[in-house]
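In what follows, chain A forms one complex with chain B and a second complex with chain C.
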Partner chain A sequence: MDTKPPSYRHTTRLFLVIGIALVLAVIVRSQLVPESFGEIGHYRADAIEEATQFELRHLGREACAECHDDIVDLHAKDAHARVPCESCHGAGAKHVAAEGDGEIHRPEGKQVCLICHRMLAARPGEFAQIDVEAHFAFVGVEDPQTLCVDCHSPHEPLFMDRDLRQARLHPLIHRCRDCHIGRTDDTLPRPEGHPAIFECDYCHAEVAAGFAERPHNGVRCTACHLFFKETESAGRILRDSDPRFCLLCHRDAPFRSDDAPPGIDWPDHRETMAEDDNDLDKRCIDCHQDRIHPLQTRTAAAGEE
Partner chain B sequence: MDFVFPNEQNVTWTVMIVLYPYITGLVAGAFIVSSLYHVFGRVELKAVARFSLASAFVFLLFAPLPLLMHLGQPQRAFNIMITPNFNSAMAGFGFIYTAYLIVVVMEIWFVMRHSFIARARGSGPIAWLCRVILLGNLHEDDSTRAADHKIAKFLAGLGIPMACLLHGYVGFLFGSLKANPWWSTPLMFVIFIFSAIVSGIAVLIFHYMIVARLNGWKLDQPCVRSMTKYLWGFMIIAVSLELLELMSIAYKQTEEWEVLDMLIREKLWISYVILQYLVFSLIPFFLLGINSLFNLRDRITNAMVWTAATMLLVQVLLMRWNVVVGGQLVSKSMRGFTDYFPGLWEKEGIAVAVVIFTLPFGILWVFNKIVPLFPDAVSRD
Partner chain C sequence: MGDKRNTSRREMLKLMAAGSALLVFPIGPLLASEERQHGNGAKGPYWAYAIDTARCIGCCACMRGCRDENDVPEDVFRTWVERYRIGMDGEVRVDVATSIDHIFEPIEGDVANAFFVPKLCNHCEKSVCNQVCPVGAAFNTPDGVALVDQEHCIGCGYCVQACPYGSRFINPHTHMANKCTFCYHRITRGLAPACVHSCPREVRIYGDLNDPKSKLSILLRQRSYRLLKPELGTHPKCYYLGLGREVV
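For the complex of A and B:
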């Protein structure tokens, strides 16, 4: 049994080393703390001044418009109107400095588009989101290497025939995924007992009835009547009659399968069918309205006989 | 009105952040075992007392490595020490870690001083290294040993709340994030502490039995049986707390339960329900329970306990995965999920994680070459 009283002399060096290390740490720290640290918050006050000295790398669409005004105007009327040029093309300062000679990013592949458009439950229902596999099946694309830009121009993705901001106001159109997590197919019938919500046939009963009997009946209304939510109760609705919009589904292209919607050889189809020069300006719906749904006047839509 | 749409498809806290609480937990658990001997006088644990202290130290050295691997600018990590922000939960790690490391290093110095002196009296680079560690003072007699014992006991006692604080703090990091329904619970740090103790005891059993077999040592059976009982007890508490937390949310049916229910049923069904609970909790529970309640033959006990300890090591890793990754799979909108599985060769991938987890075992081997971690080991023959 150890009965000797403990002796702590051998610990002196250890505690001395620890003490010296602590003092050194305090000295080193005092040297490393930036001079302006803590003056106006828990950061270097000088950082603000330094940040203002950085050369601007993003110049905004105004700089792009100086040379590419045609593209900027086109861009401004379509669905990507609020997406800045540099979101896809990267910072433009070097491109401007090189007077337009290169130094700009040209995005490639599907992933660039899917950064914003990949189907994510977190995104609001009204935002355009793509499940690539389902989308390709819907439009009959059989080659998985097909790119978004093979059909959609990034500057004019939906070929809108009018400026979206000038389109008609319309009460909010709900989608299933506004309430139901993960449910993306808006064409499925409502189950029995589903709470009443504002639906297309509420006002457009005659159109909806006619639509159900025609070849497009598997397509939800908003696939063609583009709707963009603007407030919590309303948005802009656009009936896009630009033929290129119809061709997003109906264009005859090598990457499409036999099951795809009927393919049209454009513009040869219009030229072949034209009886005179006036017909060369015809849009798809001028001849094929009966394939979609009966037309309806506004008074009928408002419930007046 | 220019903007880019927010993106929730990436899981930012990767497998490195899974590994960080896991290794930190091993530290806390191993230290608790060491303290059971040094402070609470559980003499049956003497066989692994030094080994557990050394394990705590070595795992502690590697605990920040996954964090540094995760950082894009790891050199900036030290800013939390230079310009400390006491309101930052993240900064807390720097202080708690440093203080705990000092305590553990000092405890090792006092506990193993006798062994260091024995090596320092020889010649060669290891002897020279031991003289440096001893700060040139090789004096030893009964009174210095008595002092070493007293100080070591004090440091071991001081280390217990610090070990709890260190790992509780890791749980606090997750539990205090109120925006995440899978993490946000005051029970999180208690759960983390108990699961840390489970993983710490499990890694000691796992490693001790392998080392004993490789070296042809006879296992200290009372020590194994004692650790078995501790492991069984702590795993019951850890798993019960986790289940109680889950049941509490499920029973309350708060608005977040809708998405958490889907998270469990769809995203974590395999890793959480099947693996963490049904396989890697239930089987060790029975294996350890049988050995705690019945006196089986040593050979059978050792095989069952080693299996249970290994499974519990996996169980705690799964728990960390399900907490860290599971919580990030839920969209902030509570409407859906994203996916994550690490790549093999990524900077924060599986290969790097395996290397980081394996390195401490290598360092422990080196440690054992300097001072024996099992001084009382007896050969089987």
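For the complex of A and C:
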């Protein structure tokens, strides 16, 4: 029998094709798969470094304080202390890079304040919320076009005379809306069987009784003794005796109605009434304390409620 | 020989009994009884996020901050704030501030409860978005941040579809997937993300889960929290404190 030696030509060709295909695949892959792909995981490791390269836009209040330290200091002691500068003024990097010439956002109009302070049912009860109509009625503003900043400086909205952080912790002062969603009227009578809540006159009975007989009696204690809730059961309370705080209600201004609280021309009033130079530093309560309440402020709760 | 066979039968029966007891009393959970730890145990930080919803006032400063910091185009959001309103009839309505300045308007009608819920990418430990990306452009960094490779993404949108939290979108300018980067350029420089930085109420808290003394780790030990859609097994790293049960 004539047996030919087996021919491997077809398999050689096959291996040759597979080999070329493999070499091609390796070349193509090396071109297509990006550098650093797979070094850490199934992704390009360099992408992590690239993500860190994005430029900063918000620089923080330290950057603002380099030029505006006076405003930053004012701001740090008042009710807006926790509001970052860039929350209202927008990111400051451009402004800083241009050494103050670059644009910075200057919010205008009532709507800007109301972004945070408009009365909304979903807002936490302890947060300061304004129903513009009711607030204007309370302080006797008749011109509806009046702006928030006509009375409240945004950097120092309540003209606090002390740093809020220095104020002592005080038991929680409840408002109806702390528990009742959307309940804004604190004068509503409580239903029978309503749980007892901690109230000002529990400890300060004498003051509260004296207060009721004087001209401010329609005003809530916390309108002047500002209360800022910090925990579930306590917050910081502060008596604000800066004259500008009294003037929030008592300033003589063209936008006020006739039945507004008595208007004062400030600081002319102090200058006219002053008997000597020492009187030029007086605050409102130095002369008018008797119109508010008796001076004793800390009276321990006597007996039972 | 007979004795020997009897013994082995007894042992066999014992083994079978023990084996079937295993079916009745699963030991898996006993072995894994140690509480799931936060953090990944690696060296370096492992970033995560907490949101104290009860403090949120819905001012949307976070959204404006995010937009300014990251050049997010109009009409798309890396973070957003939802308002939940539970009606007297128990019906849950959710709305989002959509105007350019993100302002919530008052809505008439009595509600049983209402609150704001800020949302953003949950930077899941087991991200779905990463698993579906056909080109490996969606990934989690070793420090726990879900990112999109902006050089490599082909804009197919699979990840946008896959994300159970709706955190991703296609950037209308670059036509690539885009999402919250946890302000990676800020946190790697030791600064807070823009939304944390802008929040006037300290609603948003970010921190390092690998550091037991970080503010976030302490909060998670002290307070109860909820995760969004935990049943999906994505292990989200956005911890919600005081979240209403209506939110999913």
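Simple rule for what comes next: the second predicted complex is superposed on the first by the 238 of 305 C-alpha atoms of A that agree within 3 Å, B and C clash if a C-alpha of one lies under 4 Å from a C-alpha of the other, contacts with A are read in each partner's own complex, and residues count from 1 in each chain.
One rule holds in what follows: a contact is a pair of C-beta atoms (placed from the backbone, for glycine too) under 8 Å apart; a residue touches a chain by one contact, two chains touch by 3 or more.
Every value quoted in this text rests on a predicted model; they were computed, and no experiment measured them.
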item: Which of chain B and chain C A:P5 touches, first, second, both or neither; value: first
item: Chain B versus chain C as contact partner of A:R13, first or second or both or neither; value: first
item: Which superposed partner A:P84 touches (first chain B, second chain C, both, neither); value: both
item: Chain B versus chain C as contact partner of A:R57, first or second or both or neither; value: second
item: Touching partner for A:A223 - first (chain B), second (chain C), both, neither; value: neither
item: Partner chain in contact with A:R29 - chain B first, chain C second, else both or neither; value: first
item: Touching partner for A:I71 - first (chain B), second (chain C), both, neither; value: neither
item: Partner chain in contact with A:V149 - chain B first, chain C second, else both or neither; value: neither
item: Contact residues common to both interfaces of chain A (with chain B and with chain C); value: 34, 37, 42, 60, 82-84, 87, 115-116, 118, 120-123, 127, 181-182
item: In the complex, chain A residues that touch chain C; value: 34, 37, 40-44, 47-48, 50-58, 60, 80, 82-84, 86-87, 90-91, 111, 114-116, 118-124, 127, 181-182
item: Chain A partner contacts - residues on chain C that touch it in the complex; value: 54-61, 64-65, 68-70, 83-85, 101-104, 106-107, 110-116, 136-142, 147, 149-152, 181, 184-186, 188-189, 191, 194, 197-202
item: Complex contacts: residues of chain B adjacent to chain A; value: 1-9, 81-83, 85, 102, 106, 109, 135-137, 139-147, 149-151, 258-259, 262, 331-333, 335-338
item: Chain B-facing residues of chain A, complex; value: 2, 4-11, 13-14, 17-18, 29, 32-34, 37-38, 42, 60-61, 82-84, 87, 115-116, 118, 120-123, 127, 177, 181-182
